[in-house]
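As structure tokens, the structure follows; a few thoughts come after it.
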Amino acid sequence: MIPISYYLILSGIVFLTGLVGVLIRRNIIAILLSVELMLNATNINFVAFSDHLQDLGGQVFVFFALTVAAAEVAVGLAIIIALHRSRSTINVEEFNLLKW
Amino acid sequence: MTFPVGDLFLILPELLVITAACIVLVLDPVLRPSDKDGLVWLSLGTLAICMGLTASQMRAPVEAFNGLVIIDMYGAFWKLLLYFVTGLTILLSHSYLKEERLYFGEYYGFVLLALAGMMVMVSAADLLTIYLGSELMSLALYVMAGLKRSEPRSLEASAKYFVLGAFSSGILLYGISLLYGATGSTRLPAIATAIAGQSLDDPLLLFATILLAVGFGFKLAVVPFHMWTPDVYEGAPTSVTAFMAVASKAASFGAFLRVFIEGLGGLKANWSAIFLLICLATLVLGNVVALVQTNIKRMLAYSSIAHAGYALIGVVAAGRLENSSGLASVLLYLALYTFMTFGAFAVAAMLRKDGMEGDEIEDFTGLSKRHPVAALLMLIFMVSLAGIPPTAGFIGKFYVFMSAVEAGMPWLAVIALIFAAVSAYYYLRVVMVMYMREPSDATDRAPQLVMSPAFSIVLACTAAGVVIFGIYPNPVVQLAMQAVSTLR
Amino acid sequence: MTHSFPWLTALICLPLIGAAAVFFVKDSSARLIALAATVVDLLISLPLWWLFDASSSHMQFMESALWISSPSIHYRLGLDGISLPLVLMTTVLMPLCVLISWHSIESRVQSFMAMLLIMEGAMIGVFAALDFVLFYVFWEAMLIPMYLLIGVWGGSNRLYAAMKFFLYTLTGSVLLLVAILVLYFQGGHTFDILQLSQATYSKSLQFWLFLAFFAAFAVKVPMFPLHTWLPDAHVEAPTAGSVILASVLLKMGAYGFVRFSLPMLPDASQSFTPLMVVLSIIAVIYGAYMALAQADLKKLIAYSSVSHMGFVTLGLFMFNIQGIEGAVMQMVNHGITTGGLFLCVGVIYERTHSRRIADNIGLTKPMPRYATFLVIFALSSLGLPGTNSFVGEFMVLIGTFLWSKIATALASLGIILAAAYLLWMVQRVAFGVPAPHMLPKLRDVDMREMVTLVPLVVLIFAIGLFPNPILTRMHPSVEKVIARVLPQAPEQASTVSQIDPFPPTVEDVALTADVTSAEAEGRQP
Amino acid sequence: MLYALIPLLPLAAFLILGLAGWRIKDRAHLVAVPAVMLSLVLSVAACLEVVSGSVISVPLYTWLTSGTLDIHIGLHIDRLTAVMLLLVTGVSSLVHVYTIGYMQGEPGYARFFSYIALFTFSMLMLVLADNVLQLFVFWEAVGLCSYLLIGHWYERASACAAATKAFVVNRVGDFGFMLGLLLVWYQFGSLNYLDIFPAIHEATDLTMNLLGPFGGTLEVSIFTLIGLLLFSGAVGKSAQVPLHVWLPDAMEGPTPISALIHAATMVTAGVFMVARLAPIYNLSPTAMSVVAVTGAATMVLGATIALTQTDIKRVVAYSTVSQLGYMMMACGLGAYASGMYHLLTHGAFKALLFLGCGSVIIALHHEQDMRHMGGLKDRLPITYWTFVIGSLALAGFPLTAGFFSKDDILVSAWSSGALGQVLALFGLLTALLTAFYSFRLVFVTFWGPSHVDPHHAEHLHEPSQTITTPLIILAFLSILTGYLGIPSFLEPVFSTGREAAVHHGSAGLAIMIAATAMGLLGITAAYYVYVVNPGLPERLAQLWGSLYRGSLNKWYVDEAYDHLFVRPTYTAASELWKRVDVNLIDGAVNGVARGVAWGGWILRLIQSGQTQHYALAMAVGIVVIVTAFLIS
Amino acid sequence: MSLVFFGYFGGMVAITSMLVVALRNPVYSALSLLVMLFHVAGLFVILHAEFLAAVQVIVYAGAILVLYLFVVMLLNVKEDDRYHSQWRIAAVVCVPLVIESIVLLSGGAGSTGHDSRSLESGPHGGIAADNTLAIGKTLFTTYLFPFEVASLVLLVAMIGAIVLAKRDFSESREL
């Protein structure tokens, strides 16, 4: 009933929104949130295709993607905390000791 | 539903590594600091055993876990390489961590877990497994990059690596999802079959391929997805940098080639065009920017970018050739690249100045006077990186260019070689600083190379590899040829 | 023809073993070991001269072993009449290089000697290699030791000079590598130089390959306008480095032309002849002009090398026996003569620590023996008949004359200029009155230096008066090369080349056009 | 084979002295003199053998073979060679003896002897050569000896400069020689006289288009070309216009050298070469005319300069230039035998004059300026009388050797057509000038009041016997050589078919008388100007100011060359070096390097340290790749 | 009917995702994300992935997002008043990217022919229990290996987070 391309377009919009978010947010947490958007776009794709293909593989993939996302968030937030502790900021623009 | 016990035997090396990692993680808080060297020996021992196991797996491909894992010579080749690098990393870290006063047992655990991730990557036959393996590796590396917490640069490196890594894995994952949609599976053989029955200019497939290329491009550190590399390499503890520059790159190449050859082999024409573009950009940028670096780690980072570019030549050639010589050249290149790059990073790691890491190229001034042997070895590494015979670097380049010429692209070889000549400048600058500049008279402030037995072993192994495989590369060449023969 | 004793391997390995051994001993013994290694190498190489079968055009003293299996690359060595003199020249010069560095090198003696020995092994390897990859390996392996020789033990501007030398030559030779690879696929999947020399390649392919070869070899020769690394490298290098550079390294470029460009790419070689001739002649005249303007002894000699090597490339591209043999002779002779000149500069530099002509004047009075040597080398360099250089230059001119008379006339101008700059140099350095404050430093040539200089003087006259022994060994090999370039004239190459096998072009300034070929041939006895 | 010892003996002497000279030192003459003497004896023997008309060939060894190029070194003795052999060994022997006295106590005694031994060897090999290349090789070798000997007093800047100049100027000539030699080989496939000469007659009418490469047409006979090219070598070696400039400067060398090399033997090699290759020249009237005119020009120029020179040796040197012009003119007019005849007699009397000069110079402690001499005839009687004999011979005074040979040339010239007659007139003019300046020399040096530095004047005495004996012998030879029938002896060699015996024609007699008259007139004039009227020279100089200054300054040829060739060459060299090598080529190379580094700096800026810039770069990468695909 | 649901969920997902990026306060961003996650879960339900919908809500909304909010609060992040200075360039870059993506995605779906098999509530679209059972079965049979690897990923993440975020650290411990 709903063409697969609808889902594709939707996921595309979400994905690109996330991508843009990564590019334009200064707050590192917001950037991570944007990355989550990208992952969710992926999930939408997988599930849509899974249903479309009548194949469970896609759903399983989403399951693992969720797991990994969780793990990433954990590590990411730990890094943010450590960083905040030493630099007192989470503004990515200010992390430029390393350059050139 | 039977438990696949037989499959467990196939992944015995992985299991061993994971077990060792867990033991290290568990024992670390328990052991007294003086006994912690035992963890090093444990890890090394495990690696030795794994090496034997993997070597015995050098045979016809066997599928395991319902085709999610494939044990073949191709994977074994990478694994052997990875064990070797990991072993060297552990040895180097042993000295380096002491010097940097970073005492964690977790460190070795992370190294082993990262290794496990890499092993999964190179023997995976499913995009899911590859993704998980790469995440395992990446997460471990994110943490390791930030281990030198007292140093803001280390944390910054970790943060940058993490943000960009997550970003790129998002892209990769999106690509995988599209590929799944276009072909109906995430198994590489199934993908290959699906592609074979489809029109090649399916936009979805194309988009998926591009996004996969981008995702892997990030891990391989090729232009324009390379930009994290210099910062992270510079900021991370040097032993970690060495591990990243060599092992992570090797594992990424292993997975990358498998995906693009076994899975997307039908799209050769498309992706080899993509990689040609990337390859040229990488060669130019990597070499040219390395010219103006003053920090040795940063310079080596750009150099590793450039070397990825050289390896990509083999990939591009593989995309145009019917035979597997292009692929073999990539494997060979990476294998030989391991020795020289690791050696160079090792020397950089152990150079101390005022009790700190002496990571400016200027800090090498007069090294040949104080540490003639180390300087000589560094010379050998630099020469090899520049690709001048009779060193391993030349052999690697030779085969890569040979495949390029075979693929009818001598012009690509010419461009690459011209940039190799450019690269000679910055490698030789290190030599120049070591040999041709007099050390400043303030000898107490002069940089010192901290020697230790473990470090000596690292240097000896890498230098021997560079020289021996430069003079007699036949074993590695044969190994690489055999490894790719099982692919596809 | 396989000899039971692996002569060439011994020649290559002995210095390398010596280089390894040198690292484990003290400075003073390092010198002795280096001397011993080079002298023994010389002694090993001498029998080759007599064992060599002068009637055969085949490679001799062949050795072959599989080195890398896929693609099959061999460790394959052999000598023919072209490489034999060059190898011998190398082995003769190396002990002298060690001797001249005896006292002048004080820091890091072991490394220095090791570099010299590695250079020797690699240089012999270049001349003896019969596998293209092996050749390339030796060819490139030389860069690093030379870079270090210049950079570590060189003069004040050594860093710049060393890097310039390195990048210049490396950039040239990377193209060679690509050419080698292309040849592999076009020439029957082999790196065997002999087989590759038998294969045929399309004209357009030859064109590109020739350019690639040219880049590598012309930089090394060096041909105008790729010569600017040479003066810098020569000036900054220590004496032994300059000697090796001038005497052997430059020859490798010319050797490359005669061993690879000509037999492998005969059609391209022919179509590039006008260009090569023009560049060679420019080099001859321009190099001489440059030498005239120099105030630094080493720079002067460096530019004279450019000029003299112009004769070599000129002769090579004449495709007649006189031209090519003359070119090879000129290679050997230039090695001996220029080597001698650099040794002389080294001797004086050791005393006055200046290479400027203005600082070293009037040396005959305090250093009569030194002045004698200097004058002899200078005279040889300006091609005085009776000395070695004349043989080569004369033969090249003969060869050129058969091709174009104007080219010959222009090249001969170089000889006039050579007399001008060399004699002017001699006039200033050897003659006149020395500066009083320099006098105490100017002690005459001692025994060690005599030993380094006398062999070259002997060779200068020996070759000048009796060039035939070298030439007889060369004939079959050179004829083989010519037969490859001009297949229509397998035997009487020199005669046939008068018929002007080249299409007339602007540069093809053949006066021959009017002397009809039939008449010209009729005159030949 | 025995005759091979003729050159080899001096060679052996050279080797002994060269290698062990530092040991032998003051006894060097014990090695050199006997060697040259023996050579002389052998030469006489060889000469007697070839009188019968036979030709001696002594093959030595194969020098070089390459394809069709096949060069053997060998000796070829025929009558022409024999004459030269006698001249060379004879003069050389005398000079060797003379040197013992002249160079006594000099630090470079052994060196000097070794050089002249080497020179003798080279000169002998030159004349004995049986092929053109050998001729060329030793042609250069004698040049080398000349170079070394001019620069014998190496601490004198002028001597060194003169040596270099001599060599380089000769090189310019040799440039043509070399090309001519190549052309000979190209044309005949051989360089051996015995191969070339027979082949010549079969090959006529060969021409070459000189302007071919430039699209023009200038057909030149190949023989003309060969002749002219080879002649350019002779121009250099025999100091013909315009390459005569080195010879007067060469007087910086010790006087025995001036006598041996720069008067009697080496400089005549050019004449010898033209005579030797007469068969080739005979085929090219153009080349012959050029030779003749060049010779005549040299003759007049040398004589006019010699008039005013004040340096005693330079006067003789310019006279040598002039006399060489005579010989060359003779050869150019086909009178090879006459030229060779004059060469021989000139060798005798010019050697005498130089040695006489040397005697004066050594007596005056190396004073060479005539204005500081005068009145020496009483103090140096032997020198004086022998000098007068030499001058008489030079002036062509009847019954001296110079009289016969010069006469022979003028007569031959007169009888060889229009050009010859014009040139003969110039020859007569030169005879006048010659007589004038040679006796100017005699009068100024030996007569009149003494201007000698009083410091030396007291112990002014005749030098030792080793110096005077050669003078006396040469004085005899300066007369006696005129009575040898050299022209008829040599004529068969040239086989020109030309009548050699036109001497006795009426025109010949007239010329003879005219020439004699000119000689006497010149001597008288000199007597009038310098003895009778000592103030006249200055007045004359003022009267003909510009002419005088021109002559005194050698017609500014040196200056012209300096401005036209030498300086522009050096300036061009340094300018080229700066502009092309340093700025252009190196600038380009360094520019590329700098450009790459600059690119590195620019590209490096992309690496801003901003994480999101990196992410943006990745996004851009995606866009670029996708766009590339969508477009294609 | 499902189109209406899709329209609602899809629309909300799109809007909230944009809000996540657009809202300057990270707390609001996180909350938007929360809303979005719920709607994604809704989409999953439409697509017959009930198990995943649950996981999405529990793990994502329940765990991950809470973690985010926790950290935001912990670090006391102030309002993020500006976008990154490169936002204009980024926008310029993204315009073609958006266009290209749409072209590729819509075109791709059209050409692969998957369209024809449009989603229907087929035999598979049963109750949630079925779906969960099926996934569970596959996870522990077919996907056993990745499952174990995932556990390692979590292990690394856990220890890594501890190592990095631990306050007192090595220096004091060793000296």
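We call the chains A, B, C, D and E, going by the order they appear; numbering starts again at 1 in every chain.
By definition in this document, contacts are C-beta pairs under 8 Å (C-beta built on N, C-alpha and C of every residue); 3 or more make two chains touch, one makes a residue touch a chain.
Model, not experiment: these values are computed from the prediction.
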Each chain counted as touching chain B and chain C at once: D
Mutual neighbours - chains that touch chain A and chain E alike: B, D
Of all other chains, the one whose Cα centre sits farthest from chain C: E
Far-end chain from chain B, centres as C-alpha averages: D
Central chain (by mean CA position): C
Chains most often in contact, by C-beta pairs: A-E
Euclidean distance of C-alpha centroids - chain A vs chain D, Å: 96
Centre-of-Cα separation between chain E and chain B, whole angstrom: 30
Whole-Å gap separating chain A and chain B, where each centre is the average of the chain's CA atoms: 26
Where chain A and chain C are represented by their mean Cα positions, the distance between them in whole Å: 65
Overlap residues in chain B, where contacts from two or more other chains coincide: 128, 132, 135, 139, 142-143, 146, 149, 158-160, 163, 167, 171, 178, 181, 206-207, 230-231, 425
Junction residues of chain A, two or more chains touched: 4, 8, 15, 18-19, 22-24, 31-32, 48, 52-53, 60, 64, 68, 71-72, 75, 78-80, 82, 92-93, 95, 97-100
Chain D, residues touching no fewer than two other chains: 593, 604, 607, 609-613, 615-616, 619-620, 622, 626
Touching pairs - complete list by chain label: A-B, A-D, A-E, B-C, B-D, B-E, C-D, D-E
Touching residues (chain side chain D, partner chain E) in the complex: 610, 612-613, 616, 619-620, 622-623, 626-627, 630
Residue ranges of chain C touching chain B (in the complex, touch as defined): 67-71, 108, 111, 133, 136-138, 140-141, 143-144, 147-148, 151-152, 158-159, 162-163, 166-167, 170-171, 174-175, 177-178, 181-182, 184-185, 208, 212
Chain A to chain D touching residues, read off their complex: 19, 22-24, 31, 92-93, 95-100
Contacting residues of chain D [partner chain C, same complex]: 61-69, 133, 136-141, 144, 147-148, 151, 154-155, 157, 159-161, 163-164, 167-168, 171-172, 175, 178-179, 182-183, 185-190, 195, 199, 203, 206-210, 212-213, 219, 222, 569-570, 572-574, 576-577, 580-581, 585-586, 589, 593
Parts of chain E lying in touch with chain B, wherever the complex brings them together: 101, 103-105, 107-109, 111-112, 114, 141-146, 149-150, 152-153, 155-157, 159-160, 163-164, 169-171, 173-174
